[in-house]
Amino acid sequence: MIFSGDINAASLARDGRREFYGMAALCLPSFILVFILLILPIGWLFWMSLFNADGAFSAENYVRLFDSTYTSTLVTTFQVGFLVTVISVVLGYPLAYMLSQLPPRLAGLCTIFVVLPFWTSTLVRTYAWMLLLQRKGIINSALISLGLIADPIRMVNNMTGTVIGMVHIMLPFLVLPLYGVMKSISPDYVRAAANLGAGPTRAFWTIFLPQSLPGLTAGMLLVFVLCLGFYVTPALLGGGRVIMWSMMIDSSIRLYANWGAASALGVALLVMTFCVLWLVNRLFGLKRLYGESR
Amino acid sequence: MELRCDRLWLYLLGGAILVFLAAPSVVVAVTSFSDSQFLTFPPETWSLRWYHAYADSIEWRAATFTSLKVAFLTTLIATPAGTAAAYSLRMLGTRFSGAVQAIYTMPMVVPVILIGISLFFMFARIGLNTTVTGVVLAHSMLAVPFVVITVGSGLANYDFAQETAARSLGAYRLKAFLTITLPQIRVPVITGALFAFLTSFDEVIVAIFISGGDSETLPRRMFTALREQIDPTIAAISTCLIIITGGILLAVQAFGFSGKRSRS
Amino acid sequence: MQIETKSLAEVPSPPPGGDRGKPMSQRTGDMRSQPLTIKNVAKAYGQLKVLDDVNLDVGSGEFLTLLGASGSGKTTLLMVIAGFARPDSGAVMVGGTDIVRTPAHKRNMGMVFQSYALFPHMNVAANVGYPLRLRGAGRVEIADRVARALDLVQLGHLGERRIDQLSGGQRQRIALARAIVFEPRILLMDEPLSALDKKLREHMQIEIRRLHEKLGMTTIYVTHDQREALTMSDRIAIMDRGRIVQIDEPRRLYERPASRFVADFIGESSFLPIIVEAGIARFGDLVLKTGGRLDTAPRQLLVLRPEKLEILGSEQAPGLNVLSGILTELIYQGESFLCQIALGEGHTVVVRGPTRRDTLAGLPELGGSMRLGLHPEDTVLVPDA
């Protein structure tokens, strides 16, 4: 037989590999960017966290994380993260629900109000809250002139201001994915529930809410994880009274030039972040699984 | 009737939350036209005093110029790099995209403070701190994922048979991409580019660590100024930033609409 | 519709390379079509063999259809020919040259896609002119040839239209015009009519067929629609699980399927088990009269097409094989009716008859007995695999 089964096989395989590598090479510029400017320096930081001030290999930096200064920061960070997440859900869920129920044109218009802050500089928005919340700020003067309070309330340079500012910044992170999930819930489900005899309230609690839960959970975890690493808003609105994890990292370097401590703090933050994200991924993965079996 | 009552509450609540989201920007914009050193709302007397202060300050002008330059260069790097990656991911299919996509999401999920200090540390060794090059590279890294995502979603909606058709008609791959695919994904590409620009233009934390001196960006300078005292000039600058952001989003929206219209 | 098959010799084939020396614009209708040979082409994704040692010869100017269910490998084979899928091994020969490693854009094959893949950012004329611009043709030549290609698909007046202003049928024709305007040596079509409604589809089938006769271009056509394949093709290759299971002219394919799969895939069939002993084929006690040569395999299947069975009255039918059974179901379908008849021992056959008054009147009540006649020439046996 002249033509064996392997005719051209070797050269075709070579062509295939060449095309594959050529195509993969298109990823290279962006991949190099991320590798050299993100993975490499963070890896370096991680490596550094394993050495003490004398340059000896030790777990010293990690043991120190259990000092009361660090643990209290950790507690503050989690407190803020928890508060911001809860308030974001309380405000974000009704907003997302309303957007999903509006006619598309109006919903699009309202979405701009969510997207615009999302892309506006964090700094600008934090500054706006400084104006609004300060001692002689707009809110205090309004409340005083309405006669509701006699003396200005302290809303800035403390936890209150930090949480308000952060909720404002985090809300779009919750609302946008949640709105996406809610929009994909077919109104037929609720109609079917009504057809089977459920009132609007009951249909919402038993049909709509459960289906929106995956989006809500993912959004909550995302908000929480972003809070853990937040820097600008607590630094400006906390007035030095709310010390969060990221500020601890910053001051370890700026004030004490202690790279070992800073990198250990950083690694801990990264690990927490990845744990939560892993959870998000699992939840969304789970949701996909449901979607297929349905 | 009961249903409509329920809905009314919902609309009132939703509307109030929208106001909460929008109000700060509005307040900043309005107060920036105040004539007084102490910003009150609404201003008692109106003037462009703080805009003049912004325009007359050499330092603010320099920082603004630096930011624009950095954002422009970032867009120039991140857009082609991200577009190429999105195309490659689409062509390679699902075999690798899981792992590779994880790499592209990293710049978005790793806490920025960490990126800031680790870059500061690394740049210190190679002399890139306080250089425009350093900031541009860092911002490009941060912006690439936005381009990959927007272009990627554009490619997901694109009928690749068109590129295949172009190749069957005699166009080599790059030519087919440039003459057929690119014109049709121009909306996501431009959107991605605008997002890359915004990402860089608004970026504070990394800039706090690695920019400075000649490479000090506008957000970094604002942050430093805000830590010391509330300078009313910042209200004017903030208003300008809000307008730029709004303008870019409007442009994105407009491109999106024109894209949709030509497709239908 | 009466299907007329045409032997390959009748299809006009242009003199090979006769007017190759002339500039493209001076060549007329008969395009330089070329024969295509596929040798031992194989492709697998892991364990799954998408193409399993495929061999195929397509004559110059022939209209060959690849017919199969989805996942049978027909589209992959077309993509291998076009150069958009790379086989693991094998050769694709066009006019005696192996082009399996030639990049798609250098293969010079016109292709019509299922989604048409017209470029929405170009108007009709720009779409059709695209391959000519790529080949560096001059402005005047492009305009001239685009006009002729559009005339050929009877849309000469639509050159300035945007793609989104066209109807489905018009898009289909434009896609066709774009695929033939550069006079490719082979035309490939991937389910080009599947997006059209039934009426338009049938109209386009005839039109494409007519165009093929006019241009005489070697054409490979992929479809899952058997009627479409029967209507249009010189020959049909039936594919299943990456293999070509039978390749024949439409009429032979329908009348003489070589396997149970083909008989099942093309048209409707009932099957009855047949025992062959000493050159005699039996269904139970009935000895079958067969038309052609009888295969010696002991166990075979009788292929019964519903319309080949004749409903008999009480009269004698000497030349026919006669089956009798009980009418169990009658389905009225407008121009014809279907009867299901139980032959005993769990065997059933389906018979189709015209809804003429006399035929309908001759039918028994449900549960009544019926006699069916089958002509020896229509007595087709396939191996019982």
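By letter and in written order, the chains are A, B and C; residue numbering begins at 1 in each of them.
Basically, contacts are C-beta pairs under 8 Å (C-beta built on N, C-alpha and C of every residue); 3 or more make two chains touch, one makes a residue touch a chain.
Because the structure is predicted, anything quoted here is derived from the model rather than measured.
**Q** Chain contact topology under the given definition, line, ring, star, complete or other?
**A** complete
**Q** Going by the contact definition above, tell me which chain pair has the most C-beta pairs touching.
**A** The chain pair with the largest number of C-beta contacts is A-B.
**Q** At what distance in angstrom does the C-alpha mean of subunit C lie from that of subunit B?
**A** Using C-alpha averages as centres, the distance is 55 Å.
**Q** Go ahead and note the Å separation of the Cα centroids belonging to subunit A and subunit B.
**A** That gives a centre separation of 17 Å.
**Q** Residue numbers in subunit C touching 2 or more other chains?
**A** In subunit C, no residue touches at least two other chains, as defined above.
**Q** If we count contacts the way the header does, which residues on subunit B are in touch with subunit A in the complex?
**A** 2-3, 6-7, 10-11, 13-14, 17-18, 20-25, 27-28, 31, 38-41, 77-78, 80-82, 84-85, 87-89, 91-92, 96, 100, 103-104, 106-107, 109-115, 117-122, 137-138, 140-141, 144, 148, 195, 198, 201-202, 204-205, 219, 222-223, 226-227, 230, 234-235, 238, 241-242, 245-246, 248-249, 253
**Q** Write out the stretch or stretches of subunit A touching subunit B in their complex.
**A** 20, 23-27, 29-31, 33-35, 37-42, 44-45, 48, 91-92, 94-95, 97-99, 101, 110, 112-117, 119-132, 134, 136, 138, 141, 168, 171-172, 200-201, 225, 228-229, 231-232, 235-236, 246, 249-250, 253, 259, 262-263, 266, 269-270, 273, 277
**Q** Under the stated contact criterion, what part of subunit C meets subunit B in this complex?
**A** Interface residues on subunit C, with respect to subunit B: 82-84, 103-111, 113-115, 117-121, 130-131, 134-135, 164, 178-179, 182, 188.
**Q** If we count contacts the way the header does, which residues on subunit A are in touch with subunit C in the complex?
**A** 3-9, 11-13, 15-16, 19
**Q** What does subunit C use to touch subunit A in their complex?
**A** By the definition above, subunit C touches subunit A via 39-40, 42, 53, 86-91, 98, 100-101.
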